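Each in structure tokens, the structures are laid out below.
Next come two complexes built around subunit A: one with subunit B, the other with subunit C.
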Partner chain A sequence: MSRKLKRKKSLWYRIHQNEKVQSAETVLLPLLFGFLFMIMWQTQKLHTLLHTDTFTLPLPSRILTIIADNSDKIMLNVNATVIVTLAGLVAGSLIGYGIAVLAALFPKWGSCGLKIIAAFNAIPIVALAPVMTNWTKDVSNHADIRSMVAKIMVVTIVCIANMSINAYRGLTELKPFSEDLMCSYAASKRVTLIKLRLPNSVPYIFTALKVAVPSSVISALVSEYFAEYIVGVGRQIRENIVLAQYSSAWAYIVVACLIGIIMYAVLMIAQSFMLKKRA
Partner chain B sequence: MSIRKKITSKPWLPMLIWIIGIILVWEIAATIVSVTKRTPENVLPHLYQIFGQIFSTKAVSSGKTATMLVLDSASKTLFRAAIGFITGTVLGFVLALIMKISKLAEKTIFPYLMLIQMVPILGMAPIILSITGDINTSRIVIAAILTFYPVATNTLAGFNAVEREKYDLMYSYAASKYTIYKKVLIPYSIPYFFTGLKISAPMAITASILVDTLQGDGGLGSMLSQSLKHAMSIYVFWLIVFFSAFIGIFSSYFMGFLEKAVLPHKRKTKIKRKDDAV
Partner chain C sequence: MSDVMEKIKTEDRTVEIKIRDLGMTFKDNNGNDMKALTGVNLDIYKGEFISLLGPSGCGKTTLLRMIADLLEPTDGSIHIDGRIPKEVRLMQKFGIVFQSAVLFDWRTVRKNIELPLETMKFNKAEREQRSSEMLEMVGLTKFADHYPVQLSGGMQQRVNIARALAIRPEILLMDEPFSALDEFTKEKLHKDLLQIWRKTNKTIIFVTHNISEAVFLSDRVCVLSPHPGRLSAVVDIDLPRPRTLEMRETQHFNELVLKVRNSFEGGSL
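Right, the complex of A and B next:
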């Protein structure tokens, strides 16, 4: 606060307060940090820091070459993972939203049911994945189809809890008096649901998805470990490690990160479109 | 009030009926499965069969009963998970503090904090194992990384949720920066901090179990995979599934309990919109 008493603001302070400089900083600083990190990685400074070698932690250039060289095979695995992730995400979110609507309509039983679903959320994926693999043994005679169903079911369960809890909050935490207003219109339960509760829950849906997208990618990767059929980015990471091909494993790790980042970016764009009208 | 009304108005009644309903559905499904499937114990055993294992005195592996085996490996797994969890919590809190103190640090680090949750840490478990070379260290590192993210973002959200007026009051007292942090910011962020802990506690346990499956030196995960490969009774697998589900749920509740113990004044009031930072 003593700064304000000075007659002249220092140049450094004035630069720092400039809005353009501030917005530039938000973009440039992380970029600079990432750039430094990559340089440290490429020049093997990171390796000395972590006491490791280029065999277990290959250079970025080497990882990129591997991705470029094996793009066909990688795309095959990416497809498998993305299908599982998206199918599970969509199914889980829809079911979760349905549960939330039911819970909002019958709050006495619903809120308790949600508590149980929230408890399901804490079940480790590693416990779920093998169970699902066992349950889907008879779905199909083809190992690829039945293990895909098992993986989708794991992702679905992970998403259901998250979506239903958030959507329930969106459906019930209404603006003050808005419910009374609907009541004074003598609006039926159905109309209140459609005109008031459903629109109110849209931002909460995005809150849920922001958590669900990364966690569904990760649960897809982990459930691949326990699946019968050997396909998918997560499984390839593991298979390559077992074969001690660390650079290929790293290539799949980078790809897995990219899947997550791209899906998150798509979600963010969708959110800015959907919520634009509300601002 | 009639007795019937008294019973139906109890808050725990719907919960009880839900749980009974789930048990019923499980048992009906298990009965169907036991008739139609060749190996029903692999798909869906009866609940009494699973819980019967707890009290059975038959040795499943190297002279231990199923309960002893599960508890033994669970204590190993949980101990490692706890160390990683505590490390990650401390790191996450310190990082949130650094990001609050310095705008520069926040701008630099925060986008990467968002990126970290995209990195499939659980998928990277084998790589971290090969970098650290030691299974115990890698377990701790992975649990710490998973814990660290929710704690850091939630605590930072807590710091940033402090209202303008609170600062103004402190400025009018001519409070030093240290006092502001001690008296306003840190106490204010504690509920958010616990929200982070509630999210990350089950994750740390999941991580620890998953790392167990990579190398067989005891722990829940390695028992899980051994039992799946029929190296021992399949009921051990079911017991572990139930047990890990239970400790996952319990760990989250335990954090809630700790929160109530630390913050007596939060016992009644609910903090709204607390999960938004995630």
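Right, the complex of A and C next:
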């Protein structure tokens, strides 16, 4: 009897130590938790816990029904938000990277300039968005284009600082002796930049993007709150809350989460391809 | 066996590198002068294997870096075939092997070896031909398409040597290249290095803090002493070539090691 018990224990131990089981566990356990959470939500146990009702916190089934019924309208708003997010992310990252390259080439001015840019990072989006709306008044006669430009500018500014600081580290934190090595080949500043600094900065670009992607989604949503033209997932959340249509607001909240999660997943896949061979 | 020895002795030993009254003074944190190296006079012959030996702080790496024009001396002069180091560096006649392999993670072994050839604007066919040649020389042909992270420390150091030799430098400068490797790998690479040296006839300047390594590899051992760093002796190593690992067990080898050890100023290390 005691022998049997011991055998059982070691079997459990062996299953637990199996690498495949361990990697499955890292996926399955969070999924299980999420599933339980959804069940509690749907069966209103969550509402009892949080002392709330189905009007403020609609049931998942209701939220999904609203998403399905309004898919055309939702996609229209998703499009607007995704365009703003991506355009701002790309513009901000490119400008940030350009600043980092300049700073790396002219180190005396560079490190000082980057400190100033880092200070810009401290400006809250909520403060930035109305300012940008005001600035872009004369950009176009069409309110939709004016608003779009203002929103993209907010996201751009949020991305610049983050990318320039990370990329600067990637361009300057080199392996010991690698600069000496390039110097011994009589390589010019330009060649050293192309052959050594730029490739060295690639992992740092991903570090920057891992922060920039979620924060650009958030800043796009928030800047929509303050925009002149009423479009975008963020704006719809606001409008629906103002009208006390909590079910619709929740539908847009779920969609906003999905946008962030999908963009982050795409980034992680891209990273695993790009950095496959690196240490 | 001794014909190579004969060659070295009888051949007119052309001086390649002429070092006169060389000194290097750094400023320390308090702004005081700190002499890293002072009053070095040394002639290095063409095709010679010469070691710079000494404890840490004796200025051996400083001396190597000054020859390579990675550091500018504060006193004295270095001339390489009548040219100053900077000219020679710009002519890309130095191959340098650093302590760590400094391979670029994002390049395959082959592409790492081709790096100096790219900066020298060799075309693709020439680069491939040279890198294949070098890969064969260091015995890594099978690993051409591997990335540095997939290699052992010894293999990485061999790629490092191959990369330095790819541009066919006239002078190979090595800064403690094997100090981070285990004893077995080190012995293997010693043999490989001597073979490569015999095949290519380069001048090799080899920095080390290991006495028996210096004696085993070199024609001459320059002994440097610290505080301030200075050249305290140059010991001729008259062991026959080609050298074998068994020679390390002979009495003559031990006598030479002792001779080198005793030539450190201030006695023992």
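Criterion: the second predicted complex is superposed on the first by the 265 of 279 C-alpha atoms of A that agree within 3 Å, B and C clash if a C-alpha of one lies under 4 Å from a C-alpha of the other, contacts with A are read in each partner's own complex, and residues count from 1 in each chain.
Keep this in mind: contacts are C-beta pairs under 8 Å (C-beta built on N, C-alpha and C of every residue); 3 or more make two chains touch, one makes a residue touch a chain.
From a predicted model like this one, the values you see are computed outputs, not experimental measurements.
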Task = Go through the superposed model and pick first if A:Glu25 touches only subunit B, second if only subunit C, both, or neither.
result = first
Request  = With the two complexes superposed on chain A, say which partner A:Ile241 touches: subunit B (first), subunit C (second), both, or neither.
outcome  = first
Request  = Could you tell me if A:Cys183 is touching subunit B, subunit C, both of them or neither one (first, second, both, neither)?
outcome  = second
Request  = Considering only touches as defined above, state whether A:Lys175 meets subunit B (first), subunit C (second), both or neither.
outcome  = second
Task = Look at A:Leu196 in the shared chain and tell me whether it touches subunit B only, subunit C only, both, or neither; answer first, second, both or neither.
result = second
Ask   = Which of the two, subunit B or subunit C, is in touch with more residues of subunit A?
value = B
Inquiry  = I'd like to check the shared interface: which positions of subunit A are touched by both subunit B and subunit C across the two complexes?
reply    = none
Query = Along subunit A, where are the residues that touch subunit B in the complex?
reply = 1, 25-26, 29-30, 32-34, 50, 52, 56-57, 108-109, 112-113, 115-116, 119, 121-127, 130-131, 134-135, 137-138, 166, 173, 207, 210-211, 214, 217-218, 221-222, 225, 233-234, 237-238, 241, 246, 249-250, 253, 256-257, 260-261, 264
Ask   = Okay, in this complex, where on subunit B does subunit A touch?
value = 14-15, 18-19, 22, 37, 42-44, 104, 107-112, 114-115, 117-124, 126-127, 130-131, 171, 202, 205-206, 209-210, 213, 221, 224, 228, 237, 240-241, 244-245, 248-249, 251-252, 272, 275-276, 278
Inquiry  = Could you list, by residue number, the parts of subunit C that touch subunit A in their complex?
reply    = 68, 70, 89-92, 94-96, 98-100, 102, 104-106, 115-116, 118-120, 147-149, 167
Ask   = Across the complex, what residues on subunit A touch subunit C?
value = 175-178, 180-187, 191, 195-196, 199-200, 202, 277-279
